[in-house]
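Every chain is named by a letter (A, B, C and D) in the order it is written, and numbering of its residues begins at 1.
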Amino acid sequence: MVSFESDYSTGCHPAVLEALAATNLEPCSGYGSDRFCERAAARIREACAAPQADVRFLAGGTQTNAVVLSALMNPGEGVVAADSGHISVHEAGAIECTGHKVLTIPERNGKLAAADLRAYLENFYADANWEHMVIPGAVFISHPSELGTLYSLAELEKLSEICRDYEIPLYLDGARLGYGLAARCTDVTLPDIARLVDAFYIGGTKCGALCGEAVVFPRSNAPHHFLTHVKRHGALMAKGRLLGVQFDALFTDGLYFRIAENAIDRAEELKAVLEEAGCEMFRPSPTNQQFVIMENGKMEALAQQVKFSFWERFDETHTVIRFVTSWSTTEEDIAVLRDALATLDD
Amino acid sequence: MVSFESDYSTGCHPAVLEALAATNLEPCSGYGSDRFCERAAARIREACAAPQADVRFLAGGTQTNAVVLSALMNPGEGVVAADSGHISVHEAGAIECTGHKVLTIPERNGKLAAADLRAYLENFYADANWEHMVIPGAVFISHPSELGTLYSLAELEKLSEICRDYEIPLYLDGARLGYGLAARCTDVTLPDIARLVDAFYIGGTKCGALCGEAVVFPRSNAPHHFLTHVKRHGALMAKGRLLGVQFDALFTDGLYFRIAENAIDRAEELKAVLEEAGCEMFRPSPTNQQFVIMENGKMEALAQQVKFSFWERFDETHTVIRFVTSWSTTEEDIAVLRDALATLDD
Amino acid sequence: MVSFESDYSTGCHPAVLEALAATNLEPCSGYGSDRFCERAAARIREACAAPQADVRFLAGGTQTNAVVLSALMNPGEGVVAADSGHISVHEAGAIECTGHKVLTIPERNGKLAAADLRAYLENFYADANWEHMVIPGAVFISHPSELGTLYSLAELEKLSEICRDYEIPLYLDGARLGYGLAARCTDVTLPDIARLVDAFYIGGTKCGALCGEAVVFPRSNAPHHFLTHVKRHGALMAKGRLLGVQFDALFTDGLYFRIAENAIDRAEELKAVLEEAGCEMFRPSPTNQQFVIMENGKMEALAQQVKFSFWERFDETHTVIRFVTSWSTTEEDIAVLRDALATLDD
Amino acid sequence: MVSFESDYSTGCHPAVLEALAATNLEPCSGYGSDRFCERAAARIREACAAPQADVRFLAGGTQTNAVVLSALMNPGEGVVAADSGHISVHEAGAIECTGHKVLTIPERNGKLAAADLRAYLENFYADANWEHMVIPGAVFISHPSELGTLYSLAELEKLSEICRDYEIPLYLDGARLGYGLAARCTDVTLPDIARLVDAFYIGGTKCGALCGEAVVFPRSNAPHHFLTHVKRHGALMAKGRLLGVQFDALFTDGLYFRIAENAIDRAEELKAVLEEAGCEMFRPSPTNQQFVIMENGKMEALAQQVKFSFWERFDETHTVIRFVTSWSTTEEDIAVLRDALATLDD
């Protein structure tokens, strides 16, 4: 059945697989000290226009958030995030598992608003009892957000400014960063992100790799003893090459961006097909995740024909469902969805 | 340069790569709930003669040790291990990172002796102050051990009996389990292990996979909410298929065992070549790791010709070095080593 | 200056001090195994009408919350609490320090509403992704709440019923429990609490002791190896007698309840004095904490004459301030406040 | 029965109790911000000849070790200690509970030898795989040691020098520091300690207080946000005055040192009495703990007449037992012991 369930339902982009095959027999040293990781890091530094960047490779998103955030914070500090943030809701307490609290601010369209962040920090230090409370030690944003929305350059600049005022590192979760950069309306580039945040990751798992996220500390600012920190969180891969080879391929000849463009093109078609069929969008999303409010009967009928994912209950009779495109979504897949939606109206 | 540096210096066995390619475009659900994981689990249950086993897949060895041991123990309990155990020395404190202490007993030929374990536990509970000490909550062994040595069936049976007497789970780290099972002298089989321990993992990363370890709870005894536990340790792969497909391939037609047999065959040749060249073995090893005491000058000369790894300083003028074979070691590689050793004598 | 700043601004009730003096030279064993702790536990069991209760003594409230909650939960589970709960806001992340998340529900008059709790749990398990989220493993309430409010017996019964339906332990923070039990309007008794919750503590520090909280597991249900758990959290006092002697005194001849009655009597007078002076109450409180909305100028003038504590900003020109009574508050103190308030009107 | 069981079997020195009584009704602010803590800190700074010292008060020894060491180290670093060290054996894993490993070196007469420490650190950084191991982040010593032994000034100077060479903080556990300073043979003073270590605590619980340890960071080097760190470990007392008043009393007119002198005088008499009775000392101790090897039958007979504590099994027929003196041990107590020992010979 055609699937819009997620951007991790197929394997990896064929070029990534080819790179793995081509290098498979070449021996190299372990734990990320190999030439593939080195080459991938160089390509990423270039794509970020951040020649001083430290680039490290980890296997998955929740792991990356927990490992990097716990390295950026002092013991017991908390990370400020929108209450819809992945670390707040859908990581099973991985941040708390490292001893840090997630300090939440109500989301605005899936995002953390700069004004809300500033108010939070001002109120915190204005409180006579702040030493009895969890001290904000990092700020977490995701781009795209969990609702597929994007920060504007101006919004990122403001967040960055606040974090620098308070000397708190700004961390960006880029699980779907490619899709954010490829969105038609965005004014944010990879070098912008490298310039404005203190650490971020370029998502591989959801953007064409088998697994892997590239963590970037843009100003040679990897935390001291970061490799040991990664190791003690069980996140250091013996065959680091698996990550290096994939990111080397993804950042050769702009593959990462082309993957994302395909997903965005398909997402725009998907949006058109959904709107054409009279579906109400839950929130407007410029990226590869589209959220639709659907009447429950229709939803069940549609589920017989294509795969999508349940997002949340909307009301007694409606549900929010999610459609996701990826490198492997084809125009034919969209056509199948259009036809399936057409049958619902009968 | 020919490398005996480790069993994770090349990629994966070609058949594993082929399986990844063959299934790459098939969509499936995430987080280990896919049909590949299901099929791999079924094959592993069969190989273990443990039809009730819970089988789960994780990415790497240190991760697996920390995730499984912290799930097996009550908060604050400690895990008893030989002082040479991987969790004690070479995992950067991953166990302590979960709040548990590693309680060490001096190793005997790389192993935890049953008599030592029993004495430890007897003394512990004989101590009037045991409630002020870390309570033993699990026992860790590795098979093969970090020194390449193996438990006999009788030894495993004794350890298992003690653990059952004290109601402490026995956990076996099988990072190189294949090589242990394929060793020429062993009387231990996979079903024996499944019968005698409470949890163990079948190593993939060091036995032919790109990454991955198969955790087996042989008697449907996976800890409650284990998926959530894995998730909060950042160890749940979105594309769980990556692990499922690989283990499915490894446990089809006995590939896992054939990989190990090749490594053992080459290791036996390697041992012969080393002994022929007059090298002194540090400890006798029946598996794919061979430890040699070499005079420092010779060692440096040899390092110009083949790759191996430094193990530890032996004395002022000698070093213990390690040679490792794997699925990809060829007879030609051994010949290169023989020739290289020959040059040292001149 | 007369102080209404807190219920921990003076030392201990004179009878507690006398008991310490009277027993000072009697040797006894350490770590809570002494006859004073034993006797205090017996008295508390009787006061709770819980002859099977396990009673343990800890030094302070935040410590008790963290030690007991982390013992009640499985690793990684979260504790559900009102968002105004002490563990959520004012304990500097002590719960997260043990690896557990605080799962918040908006407070209703400082309390956790049973209907909200049920809805939370129903929605949680209705979510298709609940295994990726923090599993609720305990429920936290405080009685009196942080706003001085009280649960009715019916409310407690409903919370208890929900927790039993879901097999989640219900924990009650009784830092100011005495004041709650002595409130004029309450229909909740100590035996009710022992019957309805799974663990609670009877606050000593804020109710007449120098330090100390008595933890009660009403049905012999202290977590396994609780002493070791307490020890590893650094919470086991060598001179456990310090806690035992104090609670022995507090639960002799109803001293604990008399202390609380004095505080309640003074609080009622205080409320009358405040209302007489035209102060607007922030929230009605039947216990020893009274919250008043005061114009900032008046507040500063009042601060010259008596001590109280800042609670939170109300609006641009008003502040919420808190007045607290205790065992040591006298009628004369209330008179001083009345006179001070009178000067503000001039 | 006369007790030599521990130095925490009676309450506090009468002068401490008097100070508590005298100040009991004076209101003051909470959480250690009171004038008693301030005055006690000033007196301690003076006694340490460390006018810049940060002085904080905690309730107990295990708590202090865990709170301070976890504040001194980066996440995941380990603390080097003698394998007999209290944090290694008798604190139920309190250090591991904070995520840090205890890295052990075999003890020499209960102490950590400087040469052993240097060798450990040299070997650590000489290991090619040190990044995969727990990085030493602090050094722990206790003075007196758990066996009652003392470092000489020269030994402390060497340890200090090594720690400064490696930029690792040196921490001294002074649970029984008074007895160490009062020992007849020592050349170490309180200012020496303040000069040579980076953090230490002056034990109160075992030296005449009801509870309490004074932590000293001698060069204004308290870790950033230390109060919040203390709070999140549940170690911040609401009535901080309880600690302040006691240490104020202990450091007025040299009471702390007089308490220790009494214990040492009695310990010397005790040693004489034991030797006179033909007892074999386990290890020579110059402080208030004396360890004796006693034949099991004799031990049981003695236990009918005086209290002492079991230390460890010596051999099949002998046991190591411990006798401890304190501020409250009298010459009469020693006489009772002498008489009791005399009966054994009959």
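We adopt the following convention: a contact is a pair of C-beta atoms (placed from the backbone, for glycine too) under 8 Å apart; a residue touches a chain by one contact, two chains touch by 3 or more.
Worth saying up front: this structure is predicted, and the values here are computed from it rather than measured.
Annotation of subunit C and subunit D: jointly contacted by A, B, touch as defined at the top. Taking the mean of C-alpha positions as each chain's centre, the chain lying farthest from the centre of subunit A is D.
Taking the options A-B, A-D or A-C in turn, the interface that duplicates C-D in more than half of its contact pairs by residue number is A-B. Taking each chain's centre as the mean of its C-alpha atoms, subunit B lies 42 Å from subunit D. Centroids of subunit B and subunit C (each the mean of its C-alpha atoms) stand 50 Å apart.
If you average the CA atoms of subunit A and of subunit B, the two centres end up 33 Å from each other. Multi-chain contact residues of subunit A, defined as those touching 2 or more other chains: 76, 91-93, 96-97, 99, 131-134, 228-229, 231-232, 236.
Those residues of subunit A lying in contact with subunit D across their complex are 31, 70-71, 74-76, 99, 131-135, 224-225, 227-229, 231-232, 236.
The part of subunit C that touches subunit A in the complex is made up of residues 76, 78, 89-93, 96-97, 99-102, 126-129, 131-134, 310, 312-313. On subunit A, the positions that touch subunit B within their shared complex are 3, 5-6, 8-12, 14, 17, 20-21, 23-30, 59-67, 91-94, 96-97, 205-206, 210-211, 228-229, 231-239, 241-242, 307, 328.
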